[in-house]
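Some structures are shown below for you to check.
Two complexes, one shared chain (subunit A), two partners (subunit B, subunit C).
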Partner chain A sequence: MESNHYDVVVVGAGLSGLTAAGVAACQGLRVALVATGPGSFVLGSGYLKTQEILAAGPADELSEAIAFFCEMAQAAGCPFEGQFSSSRHLPTILGDFQSVTFAPRPLWNAEPRNDTSTAIVGIRELSYFDENFMAERLSDQARLLGSSCTYSARQISLARSCGAPTTTLRIAKRFDYDAGFRAELIEALRPAAAGFVRVLVPGMLGLCSREQQIAQFESELGCTVCELPTLPPSIPGLRLFHLLSRHLSKLGVELLQGFPVSKLQIQDGVCMELEVASPGHPMVLRGECAVLATGQHSSTLLGVDCNGHDEQMHPLTSSGSVMAGNLFVAGTALPGSSGSSGDVMEILTGHRAGSFAAATRGHYAAR
Partner chain B sequence: MKSTQVVIIGGGATGAGILWDLSLRGISAILLEQGDIANGATGRCHGLLHSGARYVAKDLETARDCLAENRIIKTIAPHCVEDIGGLMVQCPQDDPAFFEQWWRAAGDADIPSRRLNAEEALALEPNLAANILGAFTCPDAHVDVFRLVLANIEAAVGRGARFHTYSKVNSIQSADGRVRGVGYSNTLTGEKHEIACEVVINAAGGWAQEAAALAGVEVPVRCDKGTLLVLNHRPSSRVINRCRKSGDGDILVPAGPVCILGTSSMSVPGPDGLTASPEEINYLLQLGAELIPGVADARILRIFCGARALYVPAKVDSAGGREISRSYALFDHETLGGVGGFISIVGGKLTTYRLMAAAVCDCVAGKLGVQSECTTGKVPLRPVDDCKAHRRINELLPLPVAEKMERRLGPAVTRVIEAIDARPELAELVCECEMVTRAELEYVLGEASPIPAQTIADIGRRTRLGFGPCQGTFCGYRAMLAGFQTHRWTASQAAKEFSSYLHERWKGQALIQEGKQVEQLDLSHELYGADLSTCAYSGEPDGK
Partner chain C sequence: MRQDDFAIDNCLKCSVCNAACPVFGVNAQYPGPKQLGPELERLRLEGISADTEWLEYCLGCHRCDMACPHGVGVSEMIAHAKAKHHKPLVRGLRDWWFARPGLLGKLTTILPAISNFALSMKLARFFMSKVMRITPLRTFPAYTKPNLRTPPARTSEDRARLLFFPGCFIRYNRPDLGRKVIELLERNGFATEVAATECCGVPAAANGDAAQAHAMARANVKSLVAGVDAGMRVVTACSSCGYMLKTGFGGLLKDDRELAPAVQKIAASTLDVGELLIAQSDAGMLNTDFQQANMRLAYHAPCHQKSQGIGRPWFHLLRQIPGITIEDLDAGCCGMSGTYGFKQEKYKISVAIGQELFDSINASQPQMVATECATCQMQIEHGTDFKAIHPVEIMLQAYNGKII
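Right, the complex of A and B next:
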């Protein structure tokens, strides 16, 4: 087999693309994942909202897809936790609470808990996360929810190691590679955390830190630490992206990141090739089948007019016929779909498209 | 009770121009505006400082007025004008006889113009459609409407005039056939106030009929809706007009980092609750693409509508929107058998606001027996800057930031520079697109600015914060935190304010169907929750 030949080529590394690639890889297929960069979920909070779960249906398929995703995330080192039947409250960037069904396990620690004294710790060199705003808002909102949880604001300075001003991204990177910085952060947090059961900080605890690493950080500090949402990029979102990518790579998925797929070669109802706009000479990928999870908001899919998709996730032409039997779409921004973006739909359609794609195994091999 | 000689209803260009003119004549005045500055047509218009080119073939008089005012505004308010020039483009789809008619008329009106062949025009504006036949140049320009209104008000306030935003006039008192005062309420707090005065001026634009009704009189105006699309970049460096009988979608005005395409013309019952239909938007885009093909693929940042208040003389009442003259009318209701001391000014254009203001103020001066002459055509709106601040600003801020800020703030830049000198962290950018620093934001929110911003949208009108691609998703949040940190708002007030700000910004994007801005909007929904749960929990918790 040629080196650029795959069983499945997945385009797009949002939640739908990552899930689709995961589904195919788990079935032992040779998978390439091509993407310009991470998907839009790295901008959001990294939770699966209850509202989206309820809107997603059908229940069986959804629970299968979510179970698959949770397993994949667990194996990647960022376990998701939750139950379909229960929804709990997590803070938003505006300092109110939203109903969430699944979330990375450590993030659940931001829930309002009765009689739990919580410090919200801001960082002087970090603008646009305001601990006073968050503490005032969350205290008010917790009261409205009938919780006796109290939030107090504290501030620390990282001037010594970060200079002023800094960003959560910069802090997260230091957190990943610099043990000295982590120790310093713990020292800075210790007085702020004194007397509190929990400490909430802006999302910044590493881009690649697995659950164990965060747990270790907590045990050294001697207090539960949890991250709050910030303006994008969301560090917990990026963390999920990085860990899932690494995990897929371990499963043998080839990650081709940084360049867009610019063209699909479709002939006689079969997608033959995908062209990647790598600088210099374009790279050509051949796949027995392809999953487009590009999240484009336009009525054309990579230059081809598209009008929604059929039940098997095949994109349809403007006249309503299947574009190519070995071409699938996933994501929430599908042409013709009315849904607004939602991580849950991403996972559901990614799982579905990945499964259909995997099932074509052998059908198009003879080309 | 407060008292003054004149109360002006309406803080658009016309009202602001009147306030400045009166202050130069030494007549005391208070302007009451129900929203923020430029809340009506002024803030929703194209921002084309007409050179008369668009009207010259139909209405020589209006064209002459525009040309004269175009020159005056460029000299009295250079900081509000981007003097980019314009082209009247000849498209193959249009009537060639009109081109010649236009050329003759432009000569009659003394509009400085050159005739360009297609090659010359394309050399100036390479993004124009390749099939154009040629173009005429004209001295059109872009005017920043918010800055123009603000400049008039700031200058007037500097001479003792008063200006209140979020103050809606809801009654006019009169006795013995003369106005005696007005009652108004604060639209944010509900507080009620009264002012005693001798003259009331109705400069309420699309709301002129409502305002006139408060004095028991009528004015003949009709509201005409126009829709405008804000595109992400500047495909042309000049104003692009289509050389034909005025129609839809035939003007493109570059404005700062973006450009504005429009407009349509449609009769509507009133100025409130205007929206555009998807058909209208597609139609405008299609027409825009006939001039500049790239427009079809441009990223639309937002869509907005404004209502022109057209003056309808009784005899042309049956004609459609564009057939009605765009010139203005002044009604001295005293001489029309109505209440004394009540004057309405309707119609006109942004470009002619100063002229309209002058006419009104002449009439007011006559009533008050004040001997005076209009000097607004000669007195610059902003005093010449102080060079010391200039030098310091370049040491503290990168050049493009410094330039933008100086243009926006003028002499007030000194205060902002002092603030940054004292607290260097205030040099941080809050809005990257329009390069607004934290210091500038705190200045417009603070009591030191002549008309302090009350809301996040007010901050936008003063600094252009949130006018770029993020449409406030990031910078609006930062502005909210700044308001909280400077104790302008409590946390819950801040969150509530931000929610209503975002809802307005979302409305302007909701009609966009495709492309990058849709992703941007999705991101905004995702970040803050499309239903903005803040509103659901609304208000203060118990006990506060």
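Right, the complex of A and C next:
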């Protein structure tokens, strides 16, 4: 097959684009993922909330989509925990609890457990995380939830290795590549963790660290380490993006990052080509089909003014007709797809669009 | 990178650029692209100079631009500010030379043997380290007689003609690699002419010498335009030269009404050798007369290859050679960034950035590393015990059956 010819071209690397690319790649298809940067989920906590969407309906399809996503995240080294039948209260940066159905493992373990004492560890050089505020608020909030979990504030200093002031991003990057720093961090945390069953730190345990690396860190410290989502940049969000991207690349997905798709060529109801705005001259991609997971604002720039979609996720024109038989849409590019279940909606529609796109294999052979 | 996009309001301060910045990761004091780019740009637009030495520490790898979800031309802002940055005398003098690899090449290759001897002398290196602040821990690439010429035309055949932009490294250090490029293209049905060009201007821009970059861009555009007007395509075998031809001339000469149309034409006609050959392959026209090979390669994609937005042509080309297995290391920036890694005060950062790549090469244990960029090759050979060569050489060896 030609190097620029793909079975599926996915545009956008948010949760919906990554999921759609994963679905197609798992079916052995040749997939390209074009994106200018990560989707906005990297700014978020990584919590998946399903209550709102479950109330709206498609339980079977939703559980299939979430199961697929969790499998993909597990294979990427960033496992999610949770089940539909129950949800957990997980802490937020504002010091209250949110009801969450699924979350990455280091975040999942931060729920208020009865009769446990937890240390909230702040870092002196990290000004925007206040462990005293967090401990006081979370203890109060846990009490309101009827939990006997207590939170105590502890502080460590990383001035010697990190300088001051520092950010969770800098700490996470050091955590990734510097084994000496991880050892220092363990030594600094050890006295703070003494007497507690777990410690809560701001999200900072690496941008690319896999499950095993975090588990090893915990075993060396001898205590469960949980992360709290912080203000953007969200380390757990970036970690999910990096690990999923690498995983897709291992599955054979061609990641074309850095330049936007500037043009879709649609002819006689078929999307023939996509142009990527590379410097000098555009890079032309040909796909049997394309999935637009561009987010809320970019799809209109491509001339796809999405007026809704049919059951197979084809975007519709203002007159209600299918724009192109081999063009699919997912994520917030769909109208009216916001709300507190946004991330779950992304996964659901990405899974759906990816499945329909994969199913068109052979219908739109290269012309 | 996106020359017309200085819309700093697009910057939402999400820090995704900082997460992608190689320097930010290894230096706790480096402010990062978010601050050096859009944040300080607001002050600079108000006429406040906001000058800082950290501007010099930007690699120019464009990873921030590539990572930005909102299309902000972060590195372009830093490059503009870098050009206005004031350096102390000694660093200024050193960087004046580093900005002129063409001039350096012309002088050293008058008597290459003497130059190479002098550059390898311990005393000379000590002097360069103490006075010029050039690290003694690296070796300079050897200079050789600049004898890359256009091969005699084969009038009997009607072949597509290409203009080859060799760049300083091929012209003054590795003219043999230039001849290999020409031979590889010839085996694929192209007649290649060596363009009479200067340095592409990337080293000048990277060293904050806007006037020199501008002069190089003008000279090159004037030299290339006739060939491009005649329908010739320009090929490069150096990712930084290719990047400059596709984007940089436009940025430097955007206010030059006379040259702007030529700049656009050149950008549209420029191809990396790999990009040209993968297009040939897609059209079923690649010469696949490869001998059986038996080799395990690791591939490192240079930053300026990535920032051309052409995918991974060489990775896919080399995979077509029977008996070659190739792994894409995908281990980030090598940290060399042309002359950056030679600078004494930046050497430590340069090597620290490369560590991830070195580790991944050591884990992969390939017979050889393939990468298009000459300074990435230097850095890989500096940081590991593995040899790094241009994919052109591997492909040519595969035709000739000389591969291990």
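In the analysis below, the second predicted complex is superposed on the first by the 348 of 367 C-alpha atoms of A that agree within 3 Å, B and C clash if a C-alpha of one lies under 4 Å from a C-alpha of the other, contacts with A are read in each partner's own complex, and residues count from 1 in each chain.
By our rule, a contact is a pair of C-beta atoms (placed from the backbone, for glycine too) under 8 Å apart; a residue touches a chain by one contact, two chains touch by 3 or more.
All values reported here derive from a predicted model rather than from experimental measurement.
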item: Touched partner set for A:Arg143, first subunit B, second subunit C, both or neither; value: first
item: First, second, both or neither for A:Gly258, with subunit B first and subunit C second; value: second
item: Contacts of A:Gly269 with subunit B and subunit C, given as first, second, both or neither; value: neither
item: Touched partner set for A:Leu169, first subunit B, second subunit C, both or neither; value: second
item: Contacts of A:Pro232 with subunit B and subunit C, given as first, second, both or neither; value: both
item: Touching partner for A:Phe133 - first (subunit B), second (subunit C), both, neither; value: first
item: Partner chain in contact with A:Ile93 - subunit B first, subunit C second, else both or neither; value: first
item: Touched partner set for A:Thr36, first subunit B, second subunit C, both or neither; value: second
item: Contacts of A:Gly28 with subunit B and subunit C, given as first, second, both or neither; value: neither
item: On subunit A, positions contacted by subunit B and by subunit C; value: 40, 43, 232
item: In the complex, subunit C residues that touch subunit A; value: 1, 14-16, 18-19, 24-26, 28-29, 65-71, 243, 245-247, 267-268, 270, 278, 281-282, 306-313, 316, 328, 330, 355-356
item: Residue ranges of subunit A in contact with subunit C within the complex; value: 2-5, 36-40, 42-43, 162-163, 166-167, 169-170, 173-174, 176-177, 207, 232-233, 238, 246, 249, 254, 256-260, 276-281, 283
item: Residues of subunit A touching subunit B in the complex; value: 40, 43-45, 92-98, 127-128, 130, 132-133, 136-137, 140-141, 143-144, 164-165, 231-232, 295, 297-299, 333, 340-341
item: Sites on subunit B touched by subunit A in the complex; value: 425, 428, 438, 474, 477-478, 481, 484-485, 490-492, 494-495, 498-499, 514-516, 518-519, 522-523, 525-530, 532-534, 537, 540-542
